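As written, the chain order gives the labels A, B and C, with residue 1 at the start of each chain.
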Amino acid sequence: MTEDDDILKLDLEGWEGPLDLLLALARSQKVDLKQISILALVEQYLVFIEQARSLRLELAADYLVMAAWLAYLKSGLLLPRDPEVEPSPEELALRLQLRLERLNAMREAGARLMARDRLGRDVFRRAAPEGLRTVRKARWTAEIYDLIAAYGRISARTRPVMHVVHDRQVMTLEAAIERVSALIGSTIEWASIERFLPDGASGTFRKSALASSFLAALELARQGRVELAQKSPFAPLYLRASA
Amino acid sequence: MTPPDDLARAVEAVLFAATEPMPAEAIRAHVGEGDIAAVLETLAADYAGRGINLVERGGRWHFQTAADLAHLLRRDREEARKLSRAGIETLAIIAYHEPVTRAEIESIRGVQISKGTLDVLMEAGWVRPAGRREVPGRPLMFATTPGFLDHFGLESRRDLPGIDDLKAAGLLDPVDLAFDQLAVEKDDDDD
Amino acid sequence: MTPPDDLARAVEAVLFAATEPMPAEAIRAHVGEGDIAAVLETLAADYAGRGINLVERGGRWHFQTAADLAHLLRRDREEARKLSRAGIETLAIIAYHEPVTRAEIESIRGVQISKGTLDVLMEAGWVRPAGRREVPGRPLMFATTPGFLDHFGLESRRDLPGIDDLKAAGLLDPVDLAFDQLAVEKDDDDD
């Protein structure tokens, strides 16, 4: 038994899984991974597992799964070719070799990375820098219009307010009752309500007079002094004195 | 600047990485034998014209940024901010009525002003304290500054439009007053 | 070492005072207009032989002590916590393959990653989540950080030791792709 084997055996706890163990065994062949003998590697692995078992070391399941798979690979490589079997044992062996190459590449890359001049271990930043500060300052802005408008707003809000109602020409209900009563007395025939409005009334005064006269007509009808007639809604309204 | 020898490089590195100013003996403990004093003098001269200086204070040496560049380490960033409605109204009252006390401002505005409002106006450089009113409590009065006139493009306060001008411009229109009142109250809550 | 002009002095002072490595744009915010890039190159050359060096890592600049003086500075300093073998390999795989999923890391290492491994790398500030791979399950991807480049003294990922050789040898390609490649070459040989 070589010295390497002893070391491997003692270090069983330290392996990062079966692929890691295979890589360590492969490197003990001391050839480029491209030239490695997969058959020899399989043999090494199976012997290693056998030894571990004989020493009653507890092996994680994935080491045993790998052992089973390698035993299958070994028999495939040794037995006469069966062209029906896909993938071929050579293909499987090649894939295993590619995986070992990749793991090895990353292991070496990791080692080279760790060996670099590392900040805080090999190179140091300034321990007590003054530091840089960014001070945010508000630059207040306002426009002259905002200022004046604001004052206008305050003044308007606080100024005494006087309400003035515009002088409007209207006909009161009282005046309309008086006028319609006076005119109806001499009207025996049906006459439309417009006939009772003052001559020359126009604009808002005419509207006011019409509204008041209409109310006056209703009031006089209630008192039994006037009769009203209308053919349909919105049709002309006719008045005449009660019989 | 002279190309540094090994000792100078070592002293440089040790002082750079140090957490506090170091006396020559402490430097020696790191870099070993050699004329530390001479190296320190040479380095101090080397760095004299640079953005970094090597200086001695009470027998202790350290690197520091050149004193005349201290202003670069602090960068002021200005951000334009619009005055709040409470702010602009308070400013308007001060401008039209100065000098005026806080209580007078509140009585004209019909709303209390929060503490921050006057601070902002003073921070903006538009308003200054202007003595005290000789009444019980001697309240502080406020007035506008020359900076205020500058900012608003006014020659003097007399350039501010009068009440009649405001009325002519429709700025005293009572329409929307109720809405304004609501907005003012809400604005003050935000302060 | 050339006597520095005002801009060089300013850049020097700002980088010296900074607590973090700074990109050229951040330096410009402090020192104003000028050819910052040229100044940085000149300063880096000026300091190259000194005990303090100006270095760029991932587009950000900082001063640090020269690597060959580490032995003078390491005393009294606690050794950076040692990364486990799993941690080192996982970090290397992420750095050389990024962005990379957990499953891809596991397939290269031939073993599951324990829960803590990625946590340790992220806590160290070297590794960050970098979006999700748009495949079923949308697995999270991982990549390195600017802090990783800082710590390992790399200007960019292109400076990762041996990355060009590994790429050329196809050792950064997945096994399936490499296998197909070999199969094609073999076919060509057979022709």
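The criterion applied here is as follows: a contact is a pair of C-beta atoms (placed from the backbone, for glycine too) under 8 Å apart; a residue touches a chain by one contact, two chains touch by 3 or more.
As the structure is a computational prediction, the values presented were derived from the model and not from experiment.
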item: Central subunit by CA centre of mass proxy; value: A
item: Reference chain A; chain at largest CA-centroid distance; value: B
item: Centre-of-Cα separation between chain C and chain A, whole angstrom; value: 33
item: Between chain B and chain C, centroid-to-centroid distance (C-alpha), Å; value: 40
item: Where chain A touches two or more other chains, by residue; value: 124-126, 130-132
item: Residues of chain C engaged with two or more neighbouring chains; value: 14, 16-17, 30, 63, 65-66, 73
item: Chain B residues touching chain C - in the complex, by the definition given at the top; value: 1, 3-4, 8-14, 16-17, 30-31, 46, 49-52, 63, 65-66, 69, 72-73, 75
item: For the chain C and chain A complex, residues of the former touching the latter; value: 14, 16-19, 30, 53, 62-67, 70, 73-74, 77, 79-80, 83, 85-86, 88-89, 91-93, 95-96, 108-111, 150-154, 160-163, 166, 169, 171-172, 175, 178-179, 182
item: Chain B partner contacts - residues on chain A that touch it in the complex; value: 124-128, 130-144, 146-159, 161
item: Partner chain C, residues of chain A touching it in the complex; value: 16-20, 62, 91, 94-95, 98-99, 101-103, 105-114, 116-126, 129-132
